[in-house]
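Chain nomenclature is as follows: A, B, C and D, assigned in order of appearance, with residue numbering initiated at 1 for each chain independently.
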Amino acid sequence: MGTVIDGCPAGVALTTEQLQAALDRRRPGQSAVTTARAEGDKVEVLSGVYEGKTLGTPLACLVRNENQRSQDYAKLAREDRPGHADLVWRERFKHRDPRGGGRTSGRETLSRVIGGAVAEALLQRDFERVKTVAWVSQVGPLIAPVPGLGLTRAHVDGHPTRCPDASTASEMQALILKAKADGDSYGGVIEVRTEGLPVGLGEPVFGKLKALLASAVTGVGAVTGVVWGPDDLEARLRLPGSVFHQPRSDGAPSEVYGGIQGGLSNGEPLTVRVLFKPPATLADHAKQGRHDPCILPRAVPVLEAMVSMVLADCVLMMQARRHSL
Amino acid sequence: MGTVIDGCPAGVALTTEQLQAALDRRRPGQSAVTTARAEGDKVEVLSGVYEGKTLGTPLACLVRNENQRSQDYAKLAREDRPGHADLVWRERFKHRDPRGGGRTSGRETLSRVIGGAVAEALLQRDFERVKTVAWVSQVGPLIAPVPGLGLTRAHVDGHPTRCPDASTASEMQALILKAKADGDSYGGVIEVRTEGLPVGLGEPVFGKLKALLASAVTGVGAVTGVVWGPDDLEARLRLPGSVFHQPRSDGAPSEVYGGIQGGLSNGEPLTVRVLFKPPATLADHAKQGRHDPCILPRAVPVLEAMVSMVLADCVLMMQARRHSL
Amino acid sequence: MGTVIDGCPAGVALTTEQLQAALDRRRPGQSAVTTARAEGDKVEVLSGVYEGKTLGTPLACLVRNENQRSQDYAKLAREDRPGHADLVWRERFKHRDPRGGGRTSGRETLSRVIGGAVAEALLQRDFERVKTVAWVSQVGPLIAPVPGLGLTRAHVDGHPTRCPDASTASEMQALILKAKADGDSYGGVIEVRTEGLPVGLGEPVFGKLKALLASAVTGVGAVTGVVWGPDDLEARLRLPGSVFHQPRSDGAPSEVYGGIQGGLSNGEPLTVRVLFKPPATLADHAKQGRHDPCILPRAVPVLEAMVSMVLADCVLMMQARRHSL
Amino acid sequence: MGTVIDGCPAGVALTTEQLQAALDRRRPGQSAVTTARAEGDKVEVLSGVYEGKTLGTPLACLVRNENQRSQDYAKLAREDRPGHADLVWRERFKHRDPRGGGRTSGRETLSRVIGGAVAEALLQRDFERVKTVAWVSQVGPLIAPVPGLGLTRAHVDGHPTRCPDASTASEMQALILKAKADGDSYGGVIEVRTEGLPVGLGEPVFGKLKALLASAVTGVGAVTGVVWGPDDLEARLRLPGSVFHQPRSDGAPSEVYGGIQGGLSNGEPLTVRVLFKPPATLADHAKQGRHDPCILPRAVPVLEAMVSMVLADCVLMMQARRHSL
């Protein structure tokens, strides 16, 4: 898997260790709740960084696939996996590389995580207080309470399910292990929250922050919806506006807006809830390939990365068009 | 309001009447359930069309604001409307034109509707069977049954609420009129469905059809979520994958995927559900300005337009990169 | 003719008068050496400016064609003008609007001049010392001496030929008037010089300042070459490098590089020489249409505009990717 | 050196051998007239090609620098080379990797040659008759006669100077060897000619074929000008239009237009003349580094590549916007 990032300014502090640490959080084989594939996913930085700082030139990385068992994919190459996109991609491109699942493989998210790590380094340069943290808030029928502000990645990573609520996390783990034993799977919800953002990120009309985030997170495989606001949206839509929009006592906009107004960041915590459908790889395929009964724990760093990339792009755009030097 | 469309091929059949017909479906003041503002919204085509066909040059249109009552906005220019983005935009750009609500005005959707009409003309040239139809499927607590394939815009437009189910539509109308009398408002859900699409629209990784659609529809004001699949998604996410993905009897992918697999169109009907929050303009402002208790009926043609623009872009991309002449 | 400029930051001081003044310098009918068409070319600003400052929204302008004599073009619409692109454009687009010469008309440069005026306003905001001045340095066989630094547009505009050397200017005027009487035409060279630039404008590889300028100026109709360095390049290429690159006594790079090194501005005066072929409209067509025996005087503000737009883009790019806040 | 090409359609016949053959034509150390550095420049294709055909995914290549003598550059890293861009780049990016000359190294053209080979494979798929051939037409004071149509790369490569006229080529070789012995250098002119193009390539206003080519070729290091038309342009600009534009006996546009009219290809041979200044590396530096007395012979495949990339882009654009299926 190769990754090229162009447009990153020169002079941003960045090390290979930062990139590797980001990849390690995404790596499969970390716990019983994820796929058994133990991929090393060692990143090699080919260009763009020199003496611990970006050069302003394209940043190119390679992550070699050390553990690919081609025979695992050999059989799959001959048939269409139900629920997978094999048939659709063959129809479009007429020519396809079946090794590793091709471009529809989940390994593609390696690049997203690398991009996110670079974006975070850039954001840190200018806005030290910006922190993006995602967590698993729902797995199948199990829903965790909303955590308070100041949540850290270390806390989220403290449980294999990446649900920060200890009690719900244990139930989730049991549910996922049962699904694994049954050759079954579960979807759910990941929430992503960014604190410490400046006001005004996003561009009008076709580049609203909301639209950029929606595009970024729905581009991740298995995502089947994105909603704004911290709690169950479909229930709240049944309420009249007079209740839905109740202002806070201090007169500021309520956090139900998810940190975005008129398409731009409003300085409040940015919250987006991302819905995942259950993985499509079912029992008989699971026996041959590598079965992931619930991809949500591993998708947490991927969504953090996608949100960070959008925010970094918005910062660069805002810098380009700022109203005075 | 000005609109410029660049990149449309030459030779596409297009008349001013087509554009005007599209705008007339969006126009306020059409019924008791929408704002009382009666805007003429007459479109003037300045360039790009000659003798009923596009020239391949930029297509520029003007829609002059004939009914603007500047005094309505004069007071609003001085204060921050709760739930509006005035404050955020002022912080970002430091300089702002308050007339007509500025760039955050709902009049901005005029341009989206014009773009959609051009996109549809382009799609019709190559794919006659493509039909995009949106309808109001939920207003507040009222949810309509899913209509069958072959739904037409004429049928949807047959009721002021643009809900194609007569019984639910009547209830919705009563609910909206009551909200209007109370100075209250409602959100809900619009579904957009496209039938007749070719297989393979969309681009890998950052240009997946799902991501492009998510960006397009969430860029419309008041949209607060987008989900895929024809029925209540949050309920379905509680199910295990073995139930969620039940294949159809003929072995083809089930329509729960909403017409997209691996980021590309799969030839099945494309369905996207768009969630709207209730309008923020409340009672005391409603007395002075123009109050829209439920924007969903008028948002129907706007969402059809956004989806059509995405599809037309994808067709142009697929043409550019097709595998042989 | 319509013009839309997107991406200009908010808060840049800009008035309609500035745009009109720029257009007036391009306007035909100003003297005996240009076409007799007296076009008013009044600019109407539709959006993007409010109370003398840009809004950060698209800046849209219209210049209506008040003096179009459609009958002048009616006959031309039926036949292919030798040396014009009519046939090539018809082959590409299959459909063409013959009025006003269509998109290949020289009126298209109105938009370039408007863009240049906005770009200059933006450059002035950040870099007061930046001044771009172009002049006619060659008409047919007549070549003017290179003017010293500090040349002003007022000085250049002091002669109808826009050659700043009075003696050569008079000879040029006589030559052009004779060509006009004969139904003949002349090409030549315009030099464009920018003083006061910061170091480092331009982007590596595919966005070098040299490449961006080359693209910008060769996009103007009738341009047939672009060369760097202040004097006759083809003669100098016969010299060995030891002579060509003689360093200046202070050790700095010599101005033979034209202000660009490694693709970036080096802080010295930027000089580019633009070669124009003679207009193709010959005697018998000249009798019916409007004959311009030498377009160089009127192309001076167009080239200044193209260079200013490139420089403004580079400033925005440099701002976006600057190495620290 | 890494290269990534995105946007190439799937199914284009392409092998590593084609890419290597293209690189071999650019490789230094091929003859006495070029630098003595003997770089292997072996290309490794990392992605995008499978079973001899492109996949429609990004095509990534690596060319490792096997012969880098870091000590050659160690001293140069500490000082500013006269005529080089070191100082300018340091000012812009503040942080710079001196190894191999960094991004201003001539090795950067490896990527351009790879891109050109892919572009040619794409063009061949659709337009078999398209042939782009460049040759050295001038070195210092020596100017070769214009070769007839049908010139081949094999013929051009038959002489180390890549001048197709045997007599001039021998004189050029002697001149270059003398400059090498003297620690001196020469610039000159390369002509690039494309035969067999379809009519209509290029886009209006800012994407004219002429402008795209100008940008592409002037982005190559040491290029100091670009002119259109087959013979000495500055001399011809002294002529009146009645002579300059003399039509051919068959009424078609004369080839003095260089194959472009109104910004689009007109189906005639496309000719562009590219002016190179002499290399700046002089005697005392030449003793330590690797001295190239005349870069024109090795720049021939680089310019062919740049022109091919522009043409392939134009073909993709024309496909995207074609007027009917």
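Convention: a residue touches a chain if its C-beta (ideal position, glycine included) is under 8 Å from a C-beta of that chain, and two chains touch if they have at least 3 such contacts.
Since this is a predicted model, take the numbers as computed values, not measurements.
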item	value
Pair of chains joined by more contacts [C-beta pairs], A-B or B-D	A-B
Chain whose Cα centroid lies at the greatest distance from that of chain B	D
For chain A paired with chain B, centre-to-centre distance based on mean C-alpha positions, whole Å	27
Chain centre separation (chain B, chain D; CA means) in Å	48
Chain D, residues touching no fewer than two other chains	10-11, 56-57, 92-95, 103, 204, 323
Residues of chain C defined as touching chain A within the complex	7-11, 56-57, 125-126, 204, 316-317, 319-325
Touching residues (chain side chain B, partner chain C) in the complex	2, 4, 10-11, 46-47, 50-51, 53-58, 60, 62, 92-97, 103
Residues on chain C engaged by chain D in the complex (per definition of touch)	82-89, 91-95, 103-104, 108, 111, 138, 140-141, 179, 182, 184-189, 199-200, 204-206, 208, 210-212, 214-219, 221, 223-229, 232-234, 237-242, 244-245, 247, 251, 253, 256, 258, 261-267, 275-280, 282, 318, 323
